[in-house]
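There are two complexes below, and they share subunit A, which is joined by subunit B in the first and by subunit C in the second.
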Partner chain A sequence: MLTVPAPKRFDWRPWALVAPAMLVLMAVTAIPFARTIWLAFHDDPHGFMPAQPGWSLTNFRVLLQDRAWWTAVSTTLLFAAGAVISETCAGLAIAMLLQGYSLKLRGILLAVILLPWAVPSVVAARLWNWMLNDQYGIINALLVRLGLLHQGVAWTTHPHSMVAVMIVIDVWQATPFMALLSLAGLQSIPTDVFEAAQLDGASPWQRFISITLPLVAPVLSVAVLFRLLDALRMFDLASVLYGTDMSGMTLSAFVQSQIVQFGAPGYGAASALGTLGIIALAAVLYGVCLKIPGWIRSS
Partner chain B sequence: MEKTGHKVRVIALPSDWGTVLPLYRQLLSAHHPVADVLILDSTWIGALAPLLLDIPPTDDDAATRPPPFQVEGRHVALPWYRDIGLLFYRRDLLERYHLPVPTRWNDLERTATLIQNAEYQRGHPVWGYVWQGRTSESLVCNALEWDGAENPVGTDGTVRTSLPGLQRALERAARWIGTASPPGVLNYDEENARGIFQSGHAVFMRNWVYAWALANSPDSPVSGKIGVAPVPRDTQDAPSGIDGTVYLGIPRNTAHPAEALSLLHYLTSETAERHQALAGGYIPARTSLLDDPEIRSAIPILDTIRPALASLGLRPVAQTGIDYPRVSWIMANHFKDALRSTQSSRQTLTSLVSSLKQLAMLGQWTLSNSTIEKHTP
Partner chain C sequence: MRLTTEMLVTGRLVAMAFIILHTLFPLYWALVTSFRHGTTLFSTALFTFPDLENYRKVLGGPELWRETLNSVLCAGSVTLISLILGIPAAYALGQMSFPGRRLVLGLLLLCSMLPQIAILSGLFELISALGLYDHVESIIFADLFFALPFTIWLLTGFFRDLPPELDDAAKLDGCSLMRRIFSIHLPLVWPGIAATGLLNIMTCWNEFLFALTFTLNDSARTLPVGIGLISAPGRFELPFGTIMAASLLATLPPILLVLFFQNRIASGLTAGAVK
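So, the complex of A and B:
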């Protein structure tokens, strides 16, 4: 028997069902975001803006000329690029090594490898800070004993080594995550593809480039996006290691110090919107980079 | 309080001094604050001044050094106890090499290097001088104590364009790093420096008053072997230790202004300051108490640091007011750049001056006789 569809009538039930979710989203996201925009464009008695009514671009004009802000932008981008690229390469390499082991051994190794991922960033930063201490740190002690150094090096004082130290700690922490996701990606590749390639005489390198990489790419690219966004909002390492040193400040640390240390909510809001813009730009750029191989192939 | 019958509830501050200013900003913006009398570090008062109650001037104001904290002519805080940057030294090492306590920074550099080299040859490696090079308020204090170092912001709020003394001081201090001072000194705060000094690994240390009691505690390896002096003088022959006085103030939105004021006057009274000097070793802000024999025997270092207490090495807190935390941040970062030699001291100071000028234009630097033109939108 055919059912005749009822005449279209406004049905409030689906709206009522999604309303709580919408309200929660409004409360936790939309309202604070709107407030941030309002603050960024308005009078800010504790910040840079002189008292004046109405909308103004002063916060953004100051931001564009702020040396500390641009240092934070370059530090953050350098850190994110350095950390994510190293983590992806190392993670994939570890995953390929692990794949060769038996299931039981792999489980044990994976658990061990995942330990740094379980350490909170703040704790990791403190740990590494002690290990890198110029007087009492184990790393300097080791290098001096091996004869590679004459006296302890203060690793966290020079701007370049400051970013490098952040990258090293992040790689130590996040490589397990990339290894885990890469392993999942590798396991989803059917083994008969490799067997066929081997029969046709493909070298291990050829198999890696033409089979492993393209097949693991979808999983890997999502993992890289996660890590990229995570790295771009890095706060803990910069804050714990370098405090208010401009040379080690990431964008999040910059925004936090404007609001909390200097009590400038308007300027802080403007820099937060700037940060959002930079993260969005980086994500779009990453999306474009992913599409390039496809364009090359189709043209 | 026994005298008035009011009860006082003491609210403990977080142990991390750096988190208090943000906390106060929140508390003072609330409808009614939870506290009626606030402990104030001198560096916060500029930023908090608009939120603090006026304290009516009294005849008693001349009895303290420093005087009540003024912002735009208003008294907003009364000094509670003194703190000051001091030079700690290893008496035993100076005696071994028959060297006097240095009174000039060049002497300190020479003495430190001499003892460091001699001790190294004896097989006891020590560092010459430890101080606070971490990018923070402490670095600003250290740098402004070096001899000839001009304050980049004048007392009237003008930005000085020529800072030759500060440049020389920064160049000399950059030379210390890795020679007389450990390379990591650029990451040290007060506690890191004390760690090195107290474990016997440094000849000299710059620190605040609190370090004396800790370095002389029974479990300290250098207990009884150390001395303290004013930081080396500058060329004008005035001791240049930076003033770290702790003040008390009242939030503007307090529900009990009269009671708060009476408590404030009690806490800064002679009786109360005397009690906390005898019981806790706090250096009184009332100058008359500095001569009190009982207090002098309770705080033995008082006699040696007395000349330092007489002068006030001030940071530009009152002039820059609300902007001081940012001014301090900018100064600390520029000093740091000069010290780690990523830029020449000259370039760094040029950049510092232009940053401060920009800030002075945008900001609301408070002195009415300030020569800086107010930014008009």
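So, the complex of A and C:
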């Protein structure tokens, strides 16, 4: 059969299909983002003083010396590390537990386990805030009754436990997500690999370390990246639990309060770009960490 | 040997019981609290008789109804708009090959990684300039920022999974592009569309940052903002009973969605990470 190659012409059809979505995306993302960058490099008006016209680095200079900002940085990093590590371990453990059940039972258990993930973070914050109430909270009451505490602890007002409270709530909400993705990763492992290992006399621990973990890693590492990016921009819990209290503020809460409470869109924009830098740094660091086992093996 | 397997089975059972308890207890305690008011709130007894006083109070006022209406409006419009815009784009990105395709996909991925606060300053100005501030439309507009890239990204994966022969055969039969999308591909990616829509509905229903930033009065508030802002009317009154009642009512729709569409939601979530 003879085929005559059609004259190569610019095919506009895919672009026509993509264009409406891209135009809307430009309006809701590109324009506000460009404007945010512009604002970050321009001074805010202060009180009756009009803003200085022209480009300036003042916002960033102030940001570097802002103690509240650095507190927010450490709060956010501590929260993200604590939450993501606990959720990954717990999620993988739950997934392995679930694998031991029949398909039908697994479906029911999974539906129950997914429930906290569906709860709005605002509701989760309110719920746990009530359970952790220093005088009437059920958690303090149980701890006192068990003899672990003499009197109730004000978990949500003590600077040392404020981050821990956010981690506990986030673990309650996000572990289901990690469990679900770990389960997907586990199911992609062919069962005969385990049977072969068992026949060869590998202990459960050996099987976990040298079969499960490396084979789950590709799926799990993407899920961890998602969670990490999510945790680093956490706003809801910090805002509902601590409002504008400096010692519990995350980076997102800091930026939002600069823009809304203090009416400083320029300073807010500069701190947003700072946050973006920290998130990018954390993502790169995470990528490097993923490569380390490979380097050790190859050296 | 027998003993260890038995121990293992018991251990598994105990662990699972603990997980379920940890999952459900906070919700159960919210339910118990929502039945209590006045001095009974201070009780730490684990059981109580249903008393619907708090629910009567919450449902009797106009706030919760208005907030629910706003939330429905918001979640519904955002999901609908992103599906209408996203399906053609995802078809092009998943089924057609054209120069610039990878660039568009890369841009979408970048967009979906951008945190909300990265655009908050600029978006605040834009929304004020458009006259949308303190209207539900502002939240709908803002939510497209995360809903649209997520929708296109997820749907592109579902479209890509369809065999290209399908499209080629229909093309040979003289089927137009629009007919190919609507009568051949859409029915096949229907599960993917359902999963994407459900996830969008839930994210918008729970969204707090934009809804809090772009509304001032109660008239445009969504449920999370309303619940986040309930505070004690008097210094000596603890509103925890009503807060829990309102919280549970607001949580009911997403919980029902998870219970009914668990498989679809799970497949959407996994596809988002695996594809």
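Throughout what follows, the second predicted complex is superposed on the first by the 273 of 299 C-alpha atoms of A that agree within 3 Å, B and C clash if a C-alpha of one lies under 4 Å from a C-alpha of the other, contacts with A are read in each partner's own complex, and residues count from 1 in each chain.
Everything below uses one rule, namely that contacts are C-beta pairs under 8 Å (C-beta built on N, C-alpha and C of every residue); 3 or more make two chains touch, one makes a residue touch a chain.
This structure is a prediction, so every number in the text was calculated from the model and none was measured.
Of the two partner chains placed by superposition, A:Leu103 touches none, neither subunit B nor subunit C.
Of the two partner chains placed around the shared chain by superposition, neither subunit B nor subunit C is touched by A:Ile292.
Of the two partner chains placed by superposition, only subunit C is touched by A:Ile279; subunit B is not.
Contact with both subunit B and subunit C is seen for A:Val260 once the two complexes are overlaid on the shared chain. In the superposed pair of complexes, A:Met246 makes contact with subunit B only, with no contact to subunit C. Contacts of A:Thr29 after superposition: subunit C is touched, whereas subunit B is not reached. In the overlay built on the shared chain, the residue A:Gly268 is in contact with subunit C alone; subunit B does not reach it. The partner of subunit A that touches more of its residues, comparing subunit B with subunit C, is C.
Applying the stated contact rule after C-alpha superposition, one finds that A:Met131 touches subunit C and leaves subunit B untouched. In the superposition on chain A, A:Leu39 contacts subunit C only, with no contact to subunit B. Residues 133, 135, 260 of subunit A contact both subunit B in one complex and subunit C in the other. Residue ranges on subunit B touching subunit A, taken from their complex, read 21-22, 25, 47, 50, 134-136, 182-187, 196, 201, 322, 325-326, 329, 332-333, 336-337, 340, 342, 351, 355, 358, 362-364, 375-377.
Considering their complex, residues 12, 15-16, 19-20, 22-24, 26-27, 29-30, 33, 41-42, 44, 81, 85-86, 88-89, 91-93, 96, 98, 100-101, 104, 108, 111, 113-126, 141-142, 144-145, 148-149, 152, 177, 202, 205-206, 208-209, 212-213, 223-225, 227-228, 238, 240, 243-244, 247, 250-251, 254-255, 257-259, 262-263, 265-266, 269-270, 272-274 of subunit C touch subunit A.
On subunit A, the positions that touch subunit C within their shared complex are 11, 13-15, 17-18, 20-22, 24-25, 28-29, 31-36, 38-40, 93-94, 97, 100, 107, 109-128, 130-131, 133, 135-136, 138, 141-142, 172, 176-177, 180-181, 184, 219, 222-223, 226, 229, 232-233, 235-236, 239-240, 251-252, 255-256, 259-260, 265-266, 268-269, 272-273, 275-276, 279.
The part of subunit A that touches subunit B in the complex is made up of residues 45-46, 48, 50, 52, 56, 58, 62, 65, 67-68, 133-135, 151-154, 156-159, 242-247, 257, 260-264.
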